[in-house]
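You will see two complexes here that share chain A, one where it goes with chain B and one where it goes with chain C.
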Partner chain A sequence: MLKQLGFVLDANRCLGCGACAKACELNHHLPPSLVWRTIRKVEDVTPEGIRRFYLSTACNHCANPECLRVCPRGAYSKRRNGIVTHSPEKCTGCKSCVVSCPFGAPKIHPTTGKACKCQLCYDRIEQGSTPYCLTACLTGALQLREIHTLALDNLTRLTAPLPSLRLTRPSVYFLPPRRVKL
Partner chain B sequence: MGTVEWPLVLFTVLGETSIGILLALWWLDRTPLDAGLYRKATLTSGALLGLALVASLFHLGHPEAAYRALTHLGSSWLSREILFFVLAALAWVYLFLQISRPNGQRRVAAGIAGLLGLFGIVSSAMIYVLPRVPAWNSAQTPLFFLLTTGLLGALSLLFLGWKSLSPAQMAGLMYWSLGCVLSSLFSYILYFSQLTGMSPEGLATAQILTTSPLFWLRVITNWGAPLILLLPLFKRKRSFNPNLLLTLLVVSGIGEFLGRALFYLSAVGIHISALK
Partner chain C sequence: MLAKHQHICPRNCYDTCSLISTTYNGVLLSVEGNPAHDYTKGKLCPKAMSDIQKVYSPSRIRYPMRQRHRFSGDWERISWDEALEQIARTILRLKRTHGSTLPLALNKYSGNFGALHNAMEALFSGIGPTTRAIGSPCWSAGVDAQTIDFGRFRCSSPLDMAHAKLIWLWGVNPAWTAIHQMPIIFDAMERGTTVVCFDTHLSATAARSHRFIQVRPGTDGLLALAMGKVLAEENLLDPDLPNYTLGYHDFLAYLDSEIRVERAATITGVEADTIRDLAREYGQTHPACIWAGFGLQRYTNGGQTLRAIDALGALAGHIGEKGGGVQYGHFETWKFSGLGHTEPSQAKANPVVGKNPSDRALNINKFAAAALACTEPPVRMLWLAGRNPLSQDADLHLWQKLMNQLEFIVVSDLFLTRSAAAADIFLPVTTHYEHWDLHASYWHYWVGVNEPAIAPVGESKSDLEIAWRVSAKLNELEPGSCTFPTSGSEKETLLRELSPELLRLLRLQSPKEILLQPLKANLPPASWAQRQFATPSGRFEFRSEKAVQAGFPALPSYSPPLSPPPEAPLRLLTPHHSSALNSQSYPPDTIPNGYTLYVNPELAESYGLNEGAPAEIANDLGAVRVRLAFDLSIPRDVVIVYQHPAELKDSCLNVLLRSHTTDMGTIATGAPGLALNETFVCLRRLTGSVQRLSPNP
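Moving on to the complex of A and B:
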């Protein structure tokens, strides 16, 4: 079986500080209007209890990426380690990937007019280093793992309301936060 | 809420009109057509196809690299759309050569160009059949694109050939146009009822549509006015008024442009945020 690298975020440890998103923005020299990683605040109130937590999300490096399917230029490719990469030199800026990705990962770069997204710092990983977002994480909440070796029982994924969207099989997992009794 | 992609609105509506004219020509040419009308209709179709292809380039961030978009035919409907439209344009050149010859195979050439264009239109529509956008993810998307082709193609030929077409040919085009308007109206009602019962995103699309003045203008221009304008034509089949035909074409064209603009404007994509 081929490898599938993916992020695992422990939502109990994530402070929502945004250091991961800032590190990504600064090291990839992204313009102010463009982000590859975002922090979402989630509030989940049920009769059983309340959960308030942060989700640091970027490209899900899906096992079955929609961006790769729709791109007319074949600008997307899946590396042997499962990372979905985008080649700007092949991109024509048609926005097909932007419209089709259910996670809103690809964005149009305001300067180049081409699509761009989190590449999971594949060049750094190949040199034995870690992605910038992981290096910046204060609590170690964000980790990079080989998905096929994970015990997935306690982990969740961002999930779609439609079965056809679940087929993209995202490779990012979350350890859900504990519920606090009201 | 989406944005109005004017280059795509122009490309799809003009391209569909162009292919619709070619298909209507091919269909009517079972009984010999006037050579002047054939030439006029072919040139109109070519001009519209040329404009459509130029407009499509403005949608790209890098129009100069558009040729590269042909390289992912295996899975990308956008690649297939470009391939079929380029082939349709080449087939149109072949058609033009055929109508320039006294015994040219014009019906075969029109059929080939029309069929390739039809494949291009279906490919165009399939680009939008995306699981992420509930308002687009149905069989109605290709149906709407095909109905635009049928309606504007037939109305354009009706206007271009009002002098030289036989009453039977005119009646055929009128019945076809009426069929397209009615099919469009009933399929839209069905589409709308599906939207409201579909998902929060579908409901949001329905709300954007009903609160937009453009939608109500579309109701008038795309369905109301064509139905009213077609009635006198059915009553007075022998004396076709070119002004009435032109009005019908222009009003329907505006309706189709508005419909396509709303198609892009009202698209609400699913943003996955739930953990499970």
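Moving on to the complex of A and C:
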């Protein structure tokens, strides 16, 4: 079986501080209007307690990437470690991927007009290093795992109940946070 | 050519991180955390990650400037020589006219906490007796409380918290304001430690804790006393109390006669059963650590609150425990020499050092009122350094009056702040990537140097360089008019700042060794482990003569916070946000578009206001426009604005702030603190014409 690297986020440890997103932005020299990683705040209140937590998300490096399927130029590829990469030299900026990704991961770069997205710092991983977002995470909330070997008992996939979610099989898991006793 | 340099983040922040910068041909490329530092651990908060943007920000001021009319924005670039000439001539003229140097005032605080930034104080001391802002806007009441109880103000190493089996985070929000503590807390939680967070609303830290205890603002001291009473009733007191404490019988008698758990429950909003559960858990779990934040002492009863929490820790036997204690902050490593011209800062829990004995000392929190009241001689010139009072202080109407009356105002800063708008002369200063400095933390035990990695941006100069140049100009115009040095080496000055005591704490043979890497002071990881205290009795003092001498009750006791007046029924809390530090914003050029007022949806509904609705908060001092956002965890009589800078054209939040001061602060910091959580406002809907709404019945 081929490998599949993916992000695992321990929502109990994520502070939503944005160091991951900032490190991504700075090290990939993204222009001010472009982000590859975003932080989402989630809140729910029940009689058992309150949950207020953050989800730090980027490209999910899906097992069946929709971007790869729809790209007319074959600009997307899936590496042997499961990372979905995009080659700007093949991209014409047609936006097929941008509109079809259920997670909105690919974005149009304002300067080049071509699509771009989180490449999971594949070059750093190949050199034995970790992605910038992980290096920056202060609490160890954001982790990178080989997800085929991951015990999935306590983990959930993305919360959005989209049918396409099952189809693309995102390689991202969350450890849901405990409720705070009031 | 690539080069690496070491730095210390100079912000007024618990973490005081150790940084490593990379430059290429003298240009700053990247900033990372220093992995050799056991607290920073190579990680940066997003604020420090914006540093390069800050250093090269297009809005940073690169040249000295003169403003033709205050608040006009009509600035012209001038040379350093012109600026220094005008400053020095004004100083000498005021001295001649008034026959005194007291008309010269300095107001400086924590814009940069580096030891060499005390050059400004030293410069003023070199001129003669001057008018000074003393005290601290921040932590004074708590510092005094701990000084009374323990005899000295110190805390355990933050790493010691890892040993706690129970952690109480009380009025502190490290998830936003001391982010490097969070992995220590999380790791402890994974090993089975229980974390309880006490706050007025569900803070980012409370949201990550096991349990959140919502306390009515300003009643934390009563909650602590009620839990102390439960400890006494249920026989959970430390049996060793007679051996190392003073006055515990008196204190227990006070609890017995004055404190009722049920009554405390009504006042604090914490149910009586919860108070009992919490007290039992705290009394039975060893070690148990309390981290008391600065927020809970920013009330008119703030010092008593801290004393009550200290006393609770002592009753349960947690003081001196490894992984226990009541942690607040410390000043043990701030033992700088004081630039030869200022009083050495040891034993002073106050970074505003260097008081000349004949200085005229004004409480920094009432500075405008006090400066206006000065006669014989009046205050005529003001220098603001590392301060932005027109944004951050109380009594802004008095500040405005003062600024209009003064003859001459100098502001040294990085940016054209709200206060800089009042300046006659603006002097551009360097960042911590452009000068030498020496830094200690008020939370962890590390001390380190800051090296310049790049040349000063534009014509900016360090505070030390500015002080030398002012002194040189003064002496050129009138030889002997300033005893502060007229030139020198920043690096050599830095090395002289390591006092013999600091060298001993850092286990250094010679000061030069500090240049190699940041060092951790040789202090016991857990404070008061021997239970030998620095009080007059050598014991932990429940009953304190020092407190009585300062005009307080001998025992920790509860006095209620202020109550809202009928016309301003809502308490306004203004905690720090993760993306701003006082009036500094991160990234540096992003000022949020207006203030957001966080309210309970039920409160908004009673005013007929929807989420996102524009509104106004107001009191007798002023009004500020806000946009409403909902937070279910905020009480219905409290509203929250996370403080951040505002655009100069907009009204700033502090127009609502009156200078109520805290009960304590004078013993250790020279003046009481600012009780800024005792600010009350009313809420108004913004329609065509502004009208005041009262809640629907």
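Here, the second predicted complex is superposed on the first by the 173 of 182 C-alpha atoms of A that agree within 3 Å, B and C clash if a C-alpha of one lies under 4 Å from a C-alpha of the other, contacts with A are read in each partner's own complex, and residues count from 1 in each chain.
Just so we're on the same page, a residue touches a chain if its C-beta (ideal position, glycine included) is under 8 Å from a C-beta of that chain, and two chains touch if they have at least 3 such contacts.
Since this is a predicted model, take the numbers as computed values, not measurements.
**Q** Fit or clash for chain B plus chain C once both are placed on chain A?
**A** Superposition check on chain A shows chain B and chain C fit without a clash.
**Q** Would you sort A:Arg40 into first (chain B), second (chain C), both or neither based on which partner it touches?
**A** first
**Q** Name the contact category of A:Cys91: first (chain B only), second (chain C only), both, or neither.
**A** In the superposition, A:Cys91 touches chain B alone.
**Q** Who wins on chain A residues touched, chain B or chain C?
**A** Looking at chain A, the partner in contact with more of its residues is B.
**Q** In the superposed arrangement, does A:Val8 touch chain B (first), chain C (second), both or neither?
**A** Touch status of A:Val8: no partner.
**Q** Have a look at where A:Ile108 lands relative to chain B and chain C in the superposition and call it first, second, both or neither.
**A** first
**Q** Just checking: does A:Cys71 make contact with chain B only, chain C only, both, or neither of them? Give me first, second, both or neither.
**A** A:Cys71: touches chain B, not chain C.
**Q** Write the angle, vertex at the C-alpha centre of chain A, between the C-alpha centres of chain B and chain C, to the nearest 10 degrees.
**A** Given the fit on chain A C-alpha atoms, the answer is 130 degrees.
**Q** By the touch definition at the top of the document, which applies to A:Thr139: first (chain B), second (chain C), both, or neither?
**A** Only chain C; A:Thr139 stays clear of chain B.
**Q** Per the contact definition in the header, classify A:Ala19: touching chain B only (first), chain C only (second), both, or neither.
**A** Second partner only, chain C.
**Q** Closest Cα approach between chain B and chain C after superposing, in Å?
**A** Closest C-alpha pair between chain B and chain C: 18 Å.
**Q** Overlap of the chain B and chain C footprints on chain A, residue-wise?
**A** In the superposed arrangement, which is not itself an observed complex, chain A uses no residue for both chain B and chain C.
**Q** Which residues of chain B touch chain A once you look at their complex with the stated criterion?
**A** So the residues of chain B touching chain A come out as 59-62, 65-66, 68-72, 75-79, 82, 127, 130-134, 137, 199, 267, 269-276.
**Q** For chain A, which residues count as touching chain B in their complex?
**A** Those residues of chain A that touch chain B are 40, 42, 55, 66, 68-74, 90-96, 99-104, 108, 112-114, 156-162, 164-165, 167, 174, 176.
**Q** Under the definition above, what is the set of chain A residues touching chain C in their complex?
**A** Going through chain A, the ones touching chain C are 12-13, 15-19, 22-23, 26, 45, 50-53, 136-140, 177-178, 180-182.
**Q** Which bits of chain C are touching chain A when the two form their complex?
**A** Residues 30, 43-46, 49-50, 52, 175-176, 179-180, 182-183, 186, 189, 202, 204, 206-212, 214, 578, 632-633 of chain C touch chain A in their complex.
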